[in-house]
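Per-chain numbering from 1; labels A, B, C and D assigned in written order.
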Amino acid sequence: MKAYMLHGAEDLRLEDVVKPEPGPGEVLVAVKAAGICGSDLHYHAHGRCGNFVPTRPFILGHEFAGEVVALGAGVDAPAVGARVAVDPSRACGKCRQCRQGRYNLCPEMVYFGSAAVTPPADGCYAEFVTAPAANCWELPDGFEYSWGALLEPMSVAMHAVMRSGGVAGKSVLITGGGTIGQMVLLVANAFGAARVVVSDLKGFARDFAVKQGASGTLDPADADCAAKAEELAPGGFEVVFEAAGVGAALAQGIAMSAPGATVVQVGTLPDGTAIPANALLTKELQYHGSWRFANVFERVIDMVVSGRIDPRPLVTKVYPFEKLNEAIREAAGGGEIIKVQIENQD
Amino acid sequence: MKAYMLHGAEDLRLEDVVKPEPGPGEVLVAVKAAGICGSDLHYHAHGRCGNFVPTRPFILGHEFAGEVVALGAGVDAPAVGARVAVDPSRACGKCRQCRQGRYNLCPEMVYFGSAAVTPPADGCYAEFVTAPAANCWELPDGFEYSWGALLEPMSVAMHAVMRSGGVAGKSVLITGGGTIGQMVLLVANAFGAARVVVSDLKGFARDFAVKQGASGTLDPADADCAAKAEELAPGGFEVVFEAAGVGAALAQGIAMSAPGATVVQVGTLPDGTAIPANALLTKELQYHGSWRFANVFERVIDMVVSGRIDPRPLVTKVYPFEKLNEAIREAAGGGEIIKVQIENQD
Amino acid sequence: MKAYMLHGAEDLRLEDVVKPEPGPGEVLVAVKAAGICGSDLHYHAHGRCGNFVPTRPFILGHEFAGEVVALGAGVDAPAVGARVAVDPSRACGKCRQCRQGRYNLCPEMVYFGSAAVTPPADGCYAEFVTAPAANCWELPDGFEYSWGALLEPMSVAMHAVMRSGGVAGKSVLITGGGTIGQMVLLVANAFGAARVVVSDLKGFARDFAVKQGASGTLDPADADCAAKAEELAPGGFEVVFEAAGVGAALAQGIAMSAPGATVVQVGTLPDGTAIPANALLTKELQYHGSWRFANVFERVIDMVVSGRIDPRPLVTKVYPFEKLNEAIREAAGGGEIIKVQIENQD
Amino acid sequence: MKAYMLHGAEDLRLEDVVKPEPGPGEVLVAVKAAGICGSDLHYHAHGRCGNFVPTRPFILGHEFAGEVVALGAGVDAPAVGARVAVDPSRACGKCRQCRQGRYNLCPEMVYFGSAAVTPPADGCYAEFVTAPAANCWELPDGFEYSWGALLEPMSVAMHAVMRSGGVAGKSVLITGGGTIGQMVLLVANAFGAARVVVSDLKGFARDFAVKQGASGTLDPADADCAAKAEELAPGGFEVVFEAAGVGAALAQGIAMSAPGATVVQVGTLPDGTAIPANALLTKELQYHGSWRFANVFERVIDMVVSGRIDPRPLVTKVYPFEKLNEAIREAAGGGEIIKVQIENQD
């Protein structure tokens, strides 16, 4: 079959590889739609992603949906022909973290298209992938493959909101209006935040946030930014999501937080970032990392099916499977982009 | 001034009483709108409410909004002329419960129009009331007095949802589609439940719930009720609100709950009600009482102002102040009623 | 091998049965010590345990420790010769409850010596049992098999304390000074309760509790019981464990609880037990079922090894394997008994 | 009366000042014992404490106990002659933080001997202080004034443990074996940690920790430190308290934490401290500030009275009131000191 192997920085090649076969408890999925994540862009640009360094070429990609085309031994469901989205989390199920329900922290997690483990795990930029049947969630009628490929990043966003302890009735600030920031906005609104404000240097991101239901926006470069924040949330924001991955955004979010607030780090922040420790202490903040997700994939489907979350505007552009490298250039280009996907219509 | 004194069962008299004067830290409020609560109906019907027995005649009523007409010593805000809703919770602020933030459990709570303390505390079925300035929340422009008089029961509903630990992304059942049940529905939807189902014997209540956004309804008298519940929430409901105050509804709610579910008791249940203890244990439920409210009054205003909750359809009928007894008969009549209010337009 | 099969009420027979072989991921354990639980007594007395009715004869028993004598395919640890205690929870690992970390609620749980599933699962009153390697916890040097056989009920007690949300610095009441009640006492003391009071009709249970470190005891038959409780915990107990499985004890515990308290049901309560609903509501209690346990087995070992919990006094009497029926009569006899065990010294 | 006024850096003068009179709801307390806190040393050394800069000379000190010698209007209890410890937290009781039970975050908090408000609030290094009656906790018979003066820092330590979400059954690391670190050790042990390890560069601190019940110690300068930590807590510590106030200690604590761990910042950390953000994210930590305390003062008394916490070894040396400056030099000297106090025996 055809698949994209990452050989190094800026070196992602469409190659012929052996078509995988589903093992016991697994299914074979023909990939129909796949999204490009910020981490994919990192792997593509640098041949690695932060501390995760691949030890051999591997197939990139972890956001996808497709059709079940074959079953491994012992699989009852889903059936051949089922339309499914795939949760890329393959955790061990036995370690302390798994048993406690935080399987996203499993030290032996084999995540699709990731070099967090050695050797790296192949991903979804391919015609076919094998996946545990238990990781496949059937898409209801009318639920498009494209939306299915959004479920993974939407799960990251929903998990971040869960990590905040809940936003119901609260004032919320999101620093960073990129893909994850916009998705956190959708989830925070759906989960009943009293108001959600998005801060971003880019006008496009702020405008998009308003279209998605933000109560207001902030431009960190604006001299009146702090005063405007106080107007939007008198006394400070009760929950802050740092989705920019920038120290200045963290500092801003903490400065604008209310006493007792919770700050969730969902964007990747460089090691050694300076923290405003005095505010952390005297405002007695909770600062929570948020890593991938656990126990929410199916809830995202529910929220989309019920109409409480509408993911359609998030897909900015769709390329054919053959043009993945072009799609990646577009996604990395810094333009007016939320999410770029590829599709395979055969 | 004119006020309604409760002298005993079915004996609520419009009388001339001394107009109160605001003490230090208090304001005088001219009552513009007031609602009738189920507990008011109990006091009216029986001269008492459960274990709360008045030791002297008192002014009934605790759901209200009005205009500030005079200030006591030391009051900066609200100003004379301000339009306010009043949180009827006057807690001591010093006991263990108050210090821990659960001031709704303050043993010295003086609640408007209630005989929970001795002597009973006068309420709002009057031309004027005095209230602590800190209990008065200013109504934004366009926020009608009638909605202001809904804030107290809406706070009871929001508190009940808070007591569940949150409904975001979850399947929710509400047993009992009376006033509080319908309000819990509004809050649960606003706070991001994946689906909310209302169970009630009355077709009117079920139809009203659907209009308010319920995902489905159940008729407990329906022989297929359990099967329909399983269809609406496969594996059981993750959160149940018992708002009927009936043992059979509690039993139904617990039977339809998922393993690990939380059941919130918001309706008044008779002492000695039988509990399905085996399910409580083997499904390891959390069963939480919910009493009045704490720390949510201002959040309800936020949610109404932001448009996330629309309380307008809840007001079924409004009577003039002079016709309170007629309004009470209507509210107690068992008709197609959600909330009956009185207004004072002078 | 020899094993005790339960054929019906009062009909537990020592028989020759086929010695089991460890499957993939399993080990074979030679049982060295096993305890008798209240549920074993129920099965023995009635041929069933509440709603759990066996469909065929099965081997009873679920509290045990022993020596690993053979390994199934793919098992690295524990090694042959290892001394282990066995967590009898065999959950599916895939359902919603398992993924959320509440695997004790797994609908497909296969618990040793239990008829909660059909067919019933064989237990540990046998010379040998097979168990998943992951369920075996190695006992440190000096940790006796007899203590290892206490880990399961101690886990039930620790889970109950976890279900309370924590007892650190709080006043605690335990209604019922039977085996589980006494174990809850040990855990609550180790976890930092400010004081722990045990209530029981039997003088032996109260005296034993004092020896185990109870701050005080209550006799429910004492006319001054309520006054004494108020003296021991002014304003009421903040956490109550109902370990008697009796409606009167639940009523007492709720009456003696503080506003905002948490009540944990750890004893099996009959369906239809009357609940003091008014107190549940106006004191806004949390009433939590506690079912078996999750994620604590290894913590109990830690607490025993560190000397924070001393389980030795809990073992009242030990019988040889051959005298299990005699041991059961002793345990069921209502005498001055906490825990009866059997041992197999071959 | 005599009192110590801070006029600037290294300028604390014993002066004659006007003896205060208790206002309504207040009592006058003759100070009998008072402790020296790290923040007192900062004020003394620099004339300020971090961002808190006094606008006029003020009386320093906030850890104290004494005898009630006069009552203001409306005070029933405590009585004249009562022996009391005083919670120095005078919060407004009305703001959002107070109403939610986090009164330690009250923006209008007037804390004894602190320049966090303007003008600064006078403290307890005086013959007499006035205090709200509600802040005075009576000391039981046999509870010495010296222990009473330990209740404030012990409350800081207990609050920090509460901020961790609980340590029961968990592995705990404390970085920094100064006064607060040693107190956190006492509380963590009392609240049921499975093991508590203290890390400090100073041998005295490590030895003292072992005497207080630490399961083990670490020397950060030791090349094998990480390996020893892994041995003491395989897989990492589940809860970390950063009590050193040093960035390197925070980095060490985070490096040694388990996936999903909670890290509590209880020591004052410089603004701009670098944080190991990658671990925060991929181990999905909770990093919580802990500021002063709320709702625990009375629990500390309970724990001391019940014998679960023994504070006596914490008091290293006691000076007479007249020798406060000498006591401060001793406390600041970096010697083998945990807590230095002054006493007033007149």
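We take it that a residue touches a chain if its C-beta (ideal position, glycine included) is under 8 Å from a C-beta of that chain, and two chains touch if they have at least 3 such contacts.
None of the values given here were measured: they were computed from a predicted structure.
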Same-residue or different-residue interface between subunit C and subunit D, half as cut-off: same
Selected interface, A-B versus A-D, where C-beta contact pairs are more numerous: A-D
Euclidean distance of C-alpha centroids - subunit A vs subunit C, Å: 42
Chain centre separation in whole Å, for subunit B relative to subunit A (CA means): 40
Contacts with 2+ other chains: residues of subunit C: 96, 100, 102
Subunit A - residues contacting subunit B, complex: 158, 161-162, 166, 168-170, 190-192, 194-195, 215, 296, 299, 302-303, 306, 308
Of subunit C, residues touching subunit A in the complex: 93-94, 96, 99-103, 134, 294-295
Subunit A contact footprint on subunit D (complex, rising order): 50-51, 96-97, 100, 102, 104-105, 107, 163, 235, 259-260, 265, 268-278, 280-291
